[in-house]
Amino acid sequence: MNFDGSDYVVRFENVGLRYGLGPEVLQDVSFALAPASYHFLIGPSGAGKSSLLRLMYLAMKPSRGLISLFGRDMARTAREDLPGLRRRIGVVFQDYRLLNHLSAFDNVALPLRVAGGRERDIQKHVEELLSWVGLGDHMNASLPTLSGGQQQRVSIARAVITKPQLLLADEPTGNVDDRIALRLMHLFEELNKLGTTIVIATHNESLVKRLGHPRLRLDGGLLLGDPQSRRGRKGKGDEMLDGSRHMEAG
Amino acid sequence: MNFDGSDYVVRFENVGLRYGLGPEVLQDVSFALAPASYHFLIGPSGAGKSSLLRLMYLAMKPSRGLISLFGRDMARTAREDLPGLRRRIGVVFQDYRLLNHLSAFDNVALPLRVAGGRERDIQKHVEELLSWVGLGDHMNASLPTLSGGQQQRVSIARAVITKPQLLLADEPTGNVDDRIALRLMHLFEELNKLGTTIVIATHNESLVKRLGHPRLRLDGGLLLGDPQSRRGRKGKGDEMLDGSRHMEAG
Amino acid sequence: MISRRTDLPLDGDVLAGFLPWLIAFMVFLAVVAAAGMFILHDATANWSAGLTHTLTVQVPPTKGEKALPAAEDPHVLDALKVLRTTGGIIRADLVPQTEVLELLEPWLGRDGAAGDLPLPYLIDAEADPDAKFDIATLRSRLTKAHPGISVDNHRDWLDRLVGLIDAVEWIARGVLLLIGLATVGTVIFTTRTGLSVHRDTIEVLHLIGAQDDYVAKQFAWRALTLGLRGGTIGLALAAPTVLGIGYLASGIETGLLPDASLGVAQWIALAFIPILAAAIATLTARITVTKTLAGML
Amino acid sequence: MISRRTDLPLDGDVLAGFLPWLIAFMVFLAVVAAAGMFILHDATANWSAGLTHTLTVQVPPTKGEKALPAAEDPHVLDALKVLRTTGGIIRADLVPQTEVLELLEPWLGRDGAAGDLPLPYLIDAEADPDAKFDIATLRSRLTKAHPGISVDNHRDWLDRLVGLIDAVEWIARGVLLLIGLATVGTVIFTTRTGLSVHRDTIEVLHLIGAQDDYVAKQFAWRALTLGLRGGTIGLALAAPTVLGIGYLASGIETGLLPDASLGVAQWIALAFIPILAAAIATLTARITVTKTLAGML
């Protein structure tokens, strides 16, 4: 695959982030993700993984630096255009963020409805996906009646239902056992094969090792090179950005 | 160690639980936990682990069967006595349940304050414990500014600050990496050595394997024997209850 | 403008039970205050129509002489002529002496000295309520005809009473304004509470790619239904109250409160109050939500 | 009963900004309604004191004869004797004829036929306001003395006015009751909203081993402070309003509203309204929370 700079799905350049007046929790972060790439985002607790994802799913603005998504400079994108961009991104939040008053079905259907999908198509898609993640029996259960792991799977289903171009998942397998975790990872692989760019923040080391995708390693707000990944699936579309602190993500 | 039936810290007999008019999510559960025992509660997502813990920390009444805590039959315990019993139980909730408007420090101090502890003692204890779980720098941070893993450690600190006689933890290491997970497990081991009875519900199979404590295995609401644990640390104070469905927990 | 979608758990929250009653209370007060204003306004209008434009002209009896029949007294004839040639006076009639005697009965006793007493002559005149009518000019013209003539336009006590009623009317208007402000404030606060209670939900919708409008419409719809519900309750409670006050008032003095019941137009105006309240609620909710959302990235 | 602990984020939530204003509004209305009630009550009391116990006895002039000076007329002397021997009458004085003339001036003209006219004699009597006084008996005794004598106790129009004022007073009382109920309802609803907003927090405290009281006290404390804050605002806004109404009313007719300003005791009574509101708020909050908690295991 060949593409110039604007073809990256995500591109960060010297991005810094601070909350309020606190210290920078992300410092000089630079990387670029090619279309249909698949990365793990790893690092110790408090390293800034969730913060980095928050920037990517447009929940926050960086304190400094440049972020571009789908080839568009976010600093120069009007607020009205953001909902459209957000619909191309699927997010699994670390704390799920499901709507407690809705059923599992309605939670998963929500992104389709917000985007104005036809109710008939929605029905079929949502039911299929919920069955796939093992919640066929809990389709109409209200959210608070689901177990922790069941809720986590609903949140994953909601993130992938629109077949987004970019999927961001924050610790998506913390409350499920390894068997289900693997099954969910397969779901992500399928999406990835269809062209979705995927970033998964996780602590599950065995999973990271087993799947062997390239890694973005954060520590103390700094993005560090991951020597292992360099030996990994090199050339899947990722490129070194110029500049000394820029690193190869994958 | 020798003790009769009333010396069990937790004793379930033919306990059944249903939510509202739904099906029984726990069926005929019988087991008994001896003082200072340490068990893992395992089973697939939706098996009923959290529900079982909820019964133990007195958030719900069983639909049928007998539960006794610290030798007292819960069905015959007056409502006024429950707060006293609850103070002898430490709980790590699957979804943390921290108070968002309080700092990490105040969250951990809460059980001591509710029990009427002296502010000076509280200060020292809480600071010590927070440092131990790696949050010495975030003592006064407000809750929502902490990362997922940091919040999880606050919730663990809150559960153990009172040195409870019974510690119940629901997936306490889902959002931390293996290094921190091990450190937290050591904390539990220390407590256990001081006499605390511990039950940890978890999906972290490598941890369960590594620590080798006896297991309670739930599946579809039924408590199943765990052949592995029988070979394990037999005779640490647990006893077979009579009756066919009763099983040895440990 | 509004949307019946229910991604937000607005119907189930506690505010949904609270807001209608609050609005009902506001509407109740507003309707009662407005009805009171209507009644008072009608009363003063009636008085103005019935009394302000009536003049009583009094011609003193001719001293020392045996009184002539009223209709022949030259001063009376003069006075009538003056009145009938004054622009703005549409009627001027002599009051029969029997009526004058009746009026004087409290002072002269029932068997008052009928023919014996030199009674004053009274003329009842009516001014055109639309014409601008100058009482001072008339007075000077009449005293020119005969110095003893006096003109009473019943204004003194009426002015005082109308002043009092006006004050009460102003108070009622102030209360109405206050209620309006309180309603707007209430809706703003409850909407804000709703926003903060549902903040997480709103943020999720936002991050999923919902337009601001998508969220704002749901709040507006809720405010509309709750507002209408509350308004209807308030009106339903206020109607019997207004009728009851009217009944009480009419049981008192007909002269004091000439017509204490409301006309159809006035009832219709009152019925618009809950609709107005619901409209205020809807608009306030929409604006509040839109503003809050604009604060999110 | 209350506790200043703040495990619950009560101070920061939106209701904390809302409740005081709502209570301020309620207290404002209550204070204005109560002040109005006081003023009206004083007015009717004044009238009763000043007028109800005053009698005017009218003795017709002796027909056909040249009038005697009032103090010598036998009928007048009879009437005075009857009055002075009637239990409950504490004073009975002849009204000088000059005053009678003044009273008749509107009817007889300024240069009314002074000595020439046979004027009625008037006696001004005062009844003991405390004694039960039977006007009918007095009337029959007086007519026995002289058939033409009439007694006027000024009751007719006063009764009507007092009736009207009474009706208004009852309405004010109804409004006060309504405001009380609305305040209780508001506090119940806001407390419930608070409970539902903070339900998770309350549940955590509960599971950690907090007694019901520990939680209820915090809500009660909050209700007390918010209630006092709101009550103070309401009173502060109401005081100038009451003064303003008093000023307006005193600018009108002194006879109609004898004393439109409030006494010290009445101001103190008004100052108790916000305290009462805060107390209602505190109690309601406590009861609501305790009931809700009792539903948890």
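Structural remarks
As written, the chain order gives the labels A, B, C and D, with residue 1 at the start of each chain.
Heads up, the rule we're going with is that a residue touches a chain if its C-beta (ideal position, glycine included) is under 8 Å from a C-beta of that chain, and two chains touch if they have at least 3 such contacts.
Not measured: the values here are computed from a predicted model.
Looking at the partners of chain B and chain D together, they share no chain. Of all chains, B has its CA centroid at the greatest distance from the CA centroid of chain C. In whole angstrom, the spacing between the mean C-alpha positions of chain B and chain C is 71.
Inter-chain centre distance (chain A to chain C, centres taken as mean C-alpha positions): 66 Å. Rounded to a whole number, the gap between the C-alpha centres of chain C and chain D is 23 angstrom. A ring topology is adopted by the chain contact network, closed into one cycle in which each chain touches exactly two others.
Listed by label, the pairs of touching chains are A-B, A-C, B-D, C-D.
Of all residues in chain D, only 5, 7, 9, 12, 200-201, 203-205, 207-211, 214, 297 touch chain B in the complex they form. Interface residues of chain D, counted against chain C in their complex, comprise 13-15, 17-18, 21-22, 25, 28-29, 58, 60-61, 63, 103-104, 106-113, 116-118, 120, 148, 150, 152, 157, 160-161, 163-164, 167, 170-171, 178, 182, 185-186, 189-190, 192-193, 196-197, 245, 248-249, 251-253, 256-257.
For chain B in complex with chain D, the touching residues are 57-61, 79, 82-87, 91, 97-102, 110-111, 113-115. Residue ranges on chain A touching chain B, taken from their complex, read 19, 22, 44-46, 49-50, 94-95, 134, 145-150, 153, 170-171, 174-180, 203, 205-206.
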